[in-house]
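Have a look at the structure below, then the notes.
Order of writing sets the chain letters: A, B, C, D, E and F. Residues in each chain are counted from 1.
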Amino acid sequence: MTDTFTRADGRATNEMRPVTITRGFTTNPAGSVLVEFGRTRVMCTASIEQRVPRFKKDSGEGWLTAEYSMLPSATHERMPRESMRGKVKGRTHEISRLIGRSLRAAIDLGQLGENTIAIDCDVLQADGGTRTASITGAYVALADAVTELKRRGVLAGEPLLPPVAAVSVGVIDGHVCLDLPYEEDSRAEVDLNVVMTESGSFVEVQGTGEHGTFDRAQLNAMLDSAAAGCAELIAAQKKALAG
Amino acid sequence: MTDTFTRADGRATNEMRPVTITRGFTTNPAGSVLVEFGRTRVMCTASIEQRVPRFKKDSGEGWLTAEYSMLPSATHERMPRESMRGKVKGRTHEISRLIGRSLRAAIDLGQLGENTIAIDCDVLQADGGTRTASITGAYVALADAVTELKRRGVLAGEPLLPPVAAVSVGVIDGHVCLDLPYEEDSRAEVDLNVVMTESGSFVEVQGTGEHGTFDRAQLNAMLDSAAAGCAELIAAQKKALAG
Amino acid sequence: MTDTFTRADGRATNEMRPVTITRGFTTNPAGSVLVEFGRTRVMCTASIEQRVPRFKKDSGEGWLTAEYSMLPSATHERMPRESMRGKVKGRTHEISRLIGRSLRAAIDLGQLGENTIAIDCDVLQADGGTRTASITGAYVALADAVTELKRRGVLAGEPLLPPVAAVSVGVIDGHVCLDLPYEEDSRAEVDLNVVMTESGSFVEVQGTGEHGTFDRAQLNAMLDSAAAGCAELIAAQKKALAG
Amino acid sequence: MTDTFTRADGRATNEMRPVTITRGFTTNPAGSVLVEFGRTRVMCTASIEQRVPRFKKDSGEGWLTAEYSMLPSATHERMPRESMRGKVKGRTHEISRLIGRSLRAAIDLGQLGENTIAIDCDVLQADGGTRTASITGAYVALADAVTELKRRGVLAGEPLLPPVAAVSVGVIDGHVCLDLPYEEDSRAEVDLNVVMTESGSFVEVQGTGEHGTFDRAQLNAMLDSAAAGCAELIAAQKKALAG
Amino acid sequence: MTDTFTRADGRATNEMRPVTITRGFTTNPAGSVLVEFGRTRVMCTASIEQRVPRFKKDSGEGWLTAEYSMLPSATHERMPRESMRGKVKGRTHEISRLIGRSLRAAIDLGQLGENTIAIDCDVLQADGGTRTASITGAYVALADAVTELKRRGVLAGEPLLPPVAAVSVGVIDGHVCLDLPYEEDSRAEVDLNVVMTESGSFVEVQGTGEHGTFDRAQLNAMLDSAAAGCAELIAAQKKALAG
Amino acid sequence: MTDTFTRADGRATNEMRPVTITRGFTTNPAGSVLVEFGRTRVMCTASIEQRVPRFKKDSGEGWLTAEYSMLPSATHERMPRESMRGKVKGRTHEISRLIGRSLRAAIDLGQLGENTIAIDCDVLQADGGTRTASITGAYVALADAVTELKRRGVLAGEPLLPPVAAVSVGVIDGHVCLDLPYEEDSRAEVDLNVVMTESGSFVEVQGTGEHGTFDRAQLNAMLDSAAAGCAELIAAQKKALAG
């Protein structure tokens, strides 16, 4: 008996959507990257401030912050603008915090000196995987910001650590699928976001049984798929930075 | 050579802190539980509203929401009150969302009818593991609220699903330790929160390399430890509900 | 003709509900008290900050602030959480200010040195009289915080003044009743909150004709009843502190 | 031995400042009054909305709300504008609530029909007693709004009750003084605000030992003085309404 | 054929409403002016702070800020109070910014020294032209504040520049009309606000085709009318300041 | 003597920067345009909601709203995100309102039926003229949204009116210059934004003497230059829509 499961966009279950990483997308920030995972498009920037927040003052260390946001017209149905509502949604906060933690795993704050790097991930078009695309693109913007700091001569050592990338995996109709677009994400039984380093270690693992729970075997299969996806993404990051 | 690693409170690495679950802690909400994981104490309540939010109207289904909050004096250093700051912190939002998703895995919304259950987890004293204690205690409060709904005769079927419990695991000086108090949590290399069902399936897995990354072997060891911890917690929930 | 007026809980008109004051309710704040007036239960804490707000800087004096809050599940019908609404209700502000003024009457700021004591009164269960229970319990927490400051050796003199306690009195169907539970409070013609010192002086007198006005004779009868109630409460405070 | 106590403005201790009540101060609201207690000047308006808030819908009754505000330039030192700060201060909330309760004692909501009267008290110039001047002026604006409602023919009965007025009394250097200007208010040992009806009943009594406590004899002396002050104010209200 | 166009209040198309400028309207701010354009009445104050905002620190220069606000009862239908809504409307922001820019054209910040002047324009009664009345009145309040600064001896030179005044012009049924009251303003095809100096230069020109567009000839006719209006207003300002 | 004035980018004083209008920039909104005026880049979208706000209900007419925002990394120095600050800046409000008024001049609301078009202008990169680029690009997005409404068959008539475009003009060192980049804008003596229709009528004229005032002759010269600029922009809009 043949398995008749097919994905709406015809991909294999372990296949990423086409990934594009465009450096120098805008020119004001020290690093500016447009990252695309299929139809998902995020503008990731890394801005330099040559000072640190109060809690890092006189520590000799730097800091990295991150903010994520959806443009109101990024989604299929327009969403109210958070600045007009006067408050940020829990989801936005949660993703901003995830991006911050993930990128701090890619920078040696001690080598950064008393500088702050502000990561901004603004989603221009959303089709699933906006947080994983954000992390993946932000690493490249971060690398460009570190280069700029070196050019300014304010760094002694090398704060940039090896790449960090992120991908989503889910279970759809019982099949483990890599890199979910919105249509799949919204009906996945399980949704796992994984952030990994070049050496294959985990930075973050966030799995949620959205419509059902998952067992250890499924978790293992999802982690295997994510590891392969992250390796591809790290190759794309390195190619973009070499370009 | 002997391993000289010992935990500050003398527990074995795979040992939970003493867990206490007190039902009927207050009398106004339909369910009210004081849950204690060692010195961590959370008041978990489940309040009934016999209506649903707009997006569930005329769906025949119910809904469950959750809010988590720290009392300002719960922590070692008093923290500013979020109502006075005029906004909720990202961490609070994130934990509220986690509790909501976890408890929705323990309720059949279709069987709940057009009723809403509002879970409130207010931390009276914080010593690590407040989110996992919250989830564990909230299940018991939820069970009592379902009983109250039945008493009112507004339910036809049985919406309550088998227990869901949560525990934290971390890596301290290279050792996998179960149920971290604040002192361990703040210096753990890795921190993993796991929400599981009685049957041993995962509802949520959230692992973060706070001060370092973690490999597959470490993740597996942490998941094993968490599974054992959740099984203990579910036994405690069942005992409390039987009491 | 006999007067057939009886209170729902069978108390005499000049009788307090059972009062319990539990010290050391939680361990992080310098003072932590659970106060109970019948079914009303408030967690009152006193936290120490070894600095003062800007307007007291270099004054040689200390300061005392107070915040009052209801947990959302404290009331019969769950109330929306103020932190989620993004603003504090007028009633909350008003009671916080009352508690602050009342407790400042129990502390010699000049003897406190440049330290701040932050009082938090969080209502776990509400059944009328939450503001008067808060003041009464907070005095005991304040006393414990002063003891802690002495232990730290940061005080020269004695900042703690004699006890301050508070009670409500109301007119129900023409009868002056002491210490109103919610059921009486909501239908009282007049509601008077009185804060008094051990020597029988007034710190605050707040009387409101909620459903009607009141004449001088009624005011006098209410003040007499309140004075007796406060004396009982001060005895309970002293007993708790001696314990 | 003669008592050498004199007030800065030369008044007798039981003497009000000059009181002026100007009706028709502006023309858009149904009632608009400028009230002056010495240099304190408040614009009190009563606006009609021919509907009621949700909680009064289909009750057959009306409602009355009140809002108090200081113009930023009303005080000696300019104060930040509350709309720009994004939140209302506790003091503002507290006084708004006091004005609302006091004026609701002067209106029979059942006779008002399903109409709402919105009282606004905007302080143009502050020199102590702004809340008592507000209540006193607002009654006159309320009376004019009721007249307007009658003119529109939407009332059957007479909702306006006899006058309500308010005055402050304080203890300065041990002397009971009526109607405190800012300079006295800020150094008074005790500050009492009293709201009374024409028949001499109390609507509100709010006494605070700002810099010390007060005994029963002092309270009685203050109440006597306040009663005389309110009687004068009610005469002024009636004269203005007759004018 | 005669043109039968007449204005509701009988004015000629190029005629201002009666303008009154009352200095010393209140006494706490350094400058306090009540300005009236017909039934529009605005209290304009200029308060002195002997310091500057951070971005002007150590610049040797001063600063001028402005805030505009409508009292809730100023309009025909009562409007919600912005402080209670928790946010300021776009229109309010826009007018505050216009007043600030306009008045900064009337002050030499370099001659002001490190002092800040805070302009407040609070509309007591609104009948069109509140922003132009505000600017016109605020100049007079500013002049009085500069006089006060000189009296304090904190100024070396003369920061006050020649008068700035503002007027509105509109096209009503094809006719260019000066100084629109609310009734005209709300149905004008075009609305132009012009801020001019004594020498006839423009500080601001803001024209909006509210219900239609306008051609160059109409713009020219409106500018001519505005110039004549501003000249009249400047004469009134000078007369008030000479008084 | 020759005039040696040259612009930093070598343009003639009456020359626009290169203008690019890219339709279909993103795919979720009904209209999505990337507009570029030199280095200024704005994403302008038009989203359809098949309902109207309350004040238009049952009017048979539609509505158009607009929101403008700068991405935090759009400017040379990163700016704090308005959603995180919890409030929108006055400048943002002001530009949103200008865009809304301008685009409502390009739509016949009566022909739109009870539909709302939400315009969003999000600045990806800012180099002066962001509001004029926004208006110019938004017209094209609006045209595409109207086409989509027709495709859905919900329109009877033709709501789209002829093009509206906007440009800035300023006086730099006494020279009237068209379409100011940031470097010129920040030091211009006068700054004029003009919104015009295809027939050469004005929709909005907003001129500000930022660092000085301007006379009638300068205003006329600026208006002439703006008219030529708008004509070029309208040609570009028509070409883009024909493409």
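The working rule: a residue touches a chain if its C-beta (ideal position, glycine included) is under 8 Å from a C-beta of that chain, and two chains touch if they have at least 3 such contacts.
Listed by chain with UniProt protein names: A, B, C, D, E, F = Ribonuclease PH.
Not measured: the values here are computed from a predicted model.
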item	value
Reaching subunit F from subunit A through chains that touch each other, fewest steps	1
Joint neighbours of subunit F and subunit D, given as chain labels	E
Farthest chain (mean CA position) relative to subunit C	F
Inter-centroid spacing, subunit D versus subunit C (mean Cα positions, whole Å)	28
Inter-chain centre distance, subunit C versus subunit E - centres from mean C-alpha coordinates, in Å	51
Centre-of-Cα separation between subunit E and subunit D, whole angstrom	33
Geometric centre distance via CA averages, subunit D-subunit A, whole Å	59
Sequence positions of subunit A contacting 2 or more other chains	86-88
Cyclic chain order when read starting with subunit A and heading to subunit F	A, F, E, D, C, B
Subunit C residues within the subunit D interface of the complex	87-91, 93-94, 96-97, 101, 105, 192, 197, 199-210, 213-216, 219, 223
Residues of subunit F defined as touching subunit A within the complex	26-29, 32, 39, 41, 43, 45, 47, 49, 67, 69, 71-76, 78, 81-84, 86-88, 92, 118, 120, 122, 124-126
